[in-house]
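Mind having a look at this structure? Questions to follow.
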Amino acid sequence: MDKATYDRGLQIRKDVLGNEFVDKAIASADDFNRPMQDLTTEYCWGYVWGREALSRKTRSMLNLAMISALNRPHELKMHVKGALVNGVTRDEIREIFMQVAIYCGVPAGVDSFRIAREAFAEVDKEQKV
Amino acid sequence: MDKATYDRGLQIRKDVLGNEFVDKAIASADDFNRPMQDLTTEYCWGYVWGREALSRKTRSMLNLAMISALNRPHELKMHVKGALVNGVTRDEIREIFMQVAIYCGVPAGVDSFRIAREAFAEVDKEQKV
Amino acid sequence: MDKATYDRGLQIRKDVLGNEFVDKAIASADDFNRPMQDLTTEYCWGYVWGREALSRKTRSMLNLAMISALNRPHELKMHVKGALVNGVTRDEIREIFMQVAIYCGVPAGVDSFRIAREAFAEVDKEQKV
Amino acid sequence: MDKATYDRGLQIRKDVLGNEFVDKAIASADDFNRPMQDLTTEYCWGYVWGREALSRKTRSMLNLAMISALNRPHELKMHVKGALVNGVTRDEIREIFMQVAIYCGVPAGVDSFRIAREAFAEVDKEQKV
Amino acid sequence: MDKATYDRGLQIRKDVLGNEFVDKAIASADDFNRPMQDLTTEYCWGYVWGREALSRKTRSMLNLAMISALNRPHELKMHVKGALVNGVTRDEIREIFMQVAIYCGVPAGVDSFRIAREAFAEVDKEQKV
Amino acid sequence: MDKATYDRGLQIRKDVLGNEFVDKAIASADDFNRPMQDLTTEYCWGYVWGREALSRKTRSMLNLAMISALNRPHELKMHVKGALVNGVTRDEIREIFMQVAIYCGVPAGVDSFRIAREAFAEVDKEQKV
């Protein structure tokens, strides 16, 4: 493990997904999934998200497109929320998912729109509290 | 068909992929694939690329990520070239494909890097002529 | 937008998925997903389903095969119900999904059979009311 | 092995793909791939294609849609040729692949059109000889 | 049908997934899905799992990797439980899913870890009863 | 970068893919793809392949199954050769790809068998020299 990369990753992960979410994920880790948590924090969030040649906003946009194509609804919802944090507007998210509909097919587009609406509703509810 | 959408699509398609490429595609169309050419020009390039809420540069970046995930090498090479036209730098393409490697897996990343290098070599050769 | 194509698409969409379902989808649309609703109605249901070279029954059969391969359970369930409306029998649906099991793999086949059984149960329940 | 199923499968496979193609495949089998050849002949061509609830023409159409979605160009080209043998017209193949473009995305549609044109060219050349 | 292959398949299926699970699946089969049950038992469990060149433990490990890549959560959970029966340890399952994260991408890895934890919890609960 | 992990990765990568192959890959790296080479060496070969809970033979077997499912022929051929180095026999490769045919579908199985035969032919040719 490269501690500097891990620490940078942990900070970015918290910035994007929220302190509470990440603290909870780490606290609930056990011997089974801790190595996966570490891998994700160091390589995904530290090594790649930590590179400066693309803004966080751009990385979020790429993720919405890619994770739609990959058909992973849990991760997609989380990254819709992260995208809002990184400054992607709801109008931009609509445009991304219309482009998904063209390139990945209408069912992919429909699924991603439904997940975005669920994510928005959850965010709106949290913000009211 | 909506003629205004088609015409806008044809112009964008030519701007991104080059007049010569598009003229040749249209000239070589026959009764079998002409309806598909029309659908693509109107629906993909006119209706979606023609929307102004995302820049062409951003749309190109999304396509590189999505088409890597979709595993379509012919289309990917064409869109690497289009991305250069739309102002995506080679350094940004590298960053996109490193993010692909993390989210879509290392084999997807390796394939996309190879295709990008082929596209760059073809572009460099054309520009020398 | 080409109004004739949109209107033809809206009619076909209602014929296949039911007036109630489509009216509800349109009524619940907001600024975020209305452009996606329009895109789907015009291009998917109007431009492609509206072409006469394949019967609606055949298009439904193709969709069951494709959407199984694409692994999109929400859309698959909706299209199982639409297929029954378009005259695909339950025996034919079984045959399609056995072919899915061979070409897309046993897990795809098993998932599609489960979704079909859920769709049938919902249809049977609605018809009892 | 169920010999009746195997024999029925071998006959259907030859009917669809041609005696010459199948004889060559079987003759070139070695200890490594013979068990796979047997599995395919019995399970795919005998057990499923041998069921009578769908016509061979319908099965070919389903395969063109599914194998496009699965992104398997070698198999797709072979099944385009088989579809022609089973009475699917070139116009119907165009319609199937336009539906592919909508549901699986434009890159899938473009790839399938290109492969179909290659298959048609090979068939036309063979028929001239 | 080859009765010996079917019977071998039924036995292996019960060994791996449990008598109760398989008896229930067979008892709940109707005319719609019985042919699919038969296909799966004979070809998947009898014809392929019945071959002796790989151990059941190895076959389970391959399935965890493949079904993660195929993105089929229902089947994956079932095969996580089957893998434990076949002697794959929880530590080995962790390693498989970390390799999944590398080759299929982080979202695939995250999803598979979550499903494994659900499967473990269900197994632990059953064993307490 | 964690140098120990990178160095371990470089060694494993050379052990599995051959010194010549890896030296050539590194020598031909340029500013564009060097960061991807580094990521792959450290993260894929060092961090994950370097974990000792699974043997290299088992990791190779998992890769053959996964990369077949992922439909990446270049990477698959390379890993077929690597699997032979890691002690997977040709008979075992056949069994893996028959299991692929059942779980990922017959076209995936057929493609993987073809690629394996190409890999074997190249290995046999090199060994004659």
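Residue numbering begins at 1 within each chain, and the chains themselves are lettered A, B, C, D, E and F in the order written.
In the analysis below, a contact is a pair of C-beta atoms (placed from the backbone, for glycine too) under 8 Å apart; a residue touches a chain by one contact, two chains touch by 3 or more.
In this text, all values refer to a predicted model and were calculated from it rather than measured experimentally.
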**OP:** Work out which chains are contact partners of both chain E and chain F.
**Re:** A, B, C, D
Subject >> Chain separated most widely from chain F, comparing mean CA positions >> reply: C
Original post:
Through what angle, to the nearest 5 degrees, does chain A rotate to match chain F on its C-alpha atoms?
Top reply: 180
Original post:
Is it true that over half of the residue numbers where chain B touches chain C are used by both copies, so same, or is it different?
Top reply: same
Subject >> Between chain E and chain B, distance of the C-alpha-averaged centres to the nearest whole Å >> reply: 40
Original post:
What whole-Å value do you get for the distance between chain C and chain D if each is reduced to the mean of its CA atoms?
Top reply: 25
Subject >> Distance from the mean Cα position of chain F to that of chain D, given in whole angstrom >> reply: 30
Original post:
What parts of chain F, by residue number, touch at least two of the other chains?
Top reply: 35, 39, 43-44, 48, 51, 67, 70-71, 94, 98, 101-108
Original post:
Touch graph of the chains shown: is it line, ring, star, complete or other?
Top reply: complete
Subject >> Complex interface listing, chain D residues touching chain C >> reply: 43-44, 48, 51, 53-54, 58-59, 61-63, 65-70, 91-92, 94-96, 98-104
Original post:
Taking the complex as given, what residues does chain B use to touch chain E?
Top reply: 102-108
**OP:** Show which residues of chain B lie in contact with chain D when the two form their complex.
**Re:** 32-33, 35-36, 39-40, 43-44, 67, 70-72, 74-75
Subject >> Touch list for chain D against partner chain B, complex >> reply: 71, 90, 94, 97-98, 101, 105-111, 113-114, 116-117, 120
Subject >> Residue ranges of chain C touching chain B (in the complex, touch as defined) >> reply: 1-2, 5, 35, 39, 43, 47-48, 51
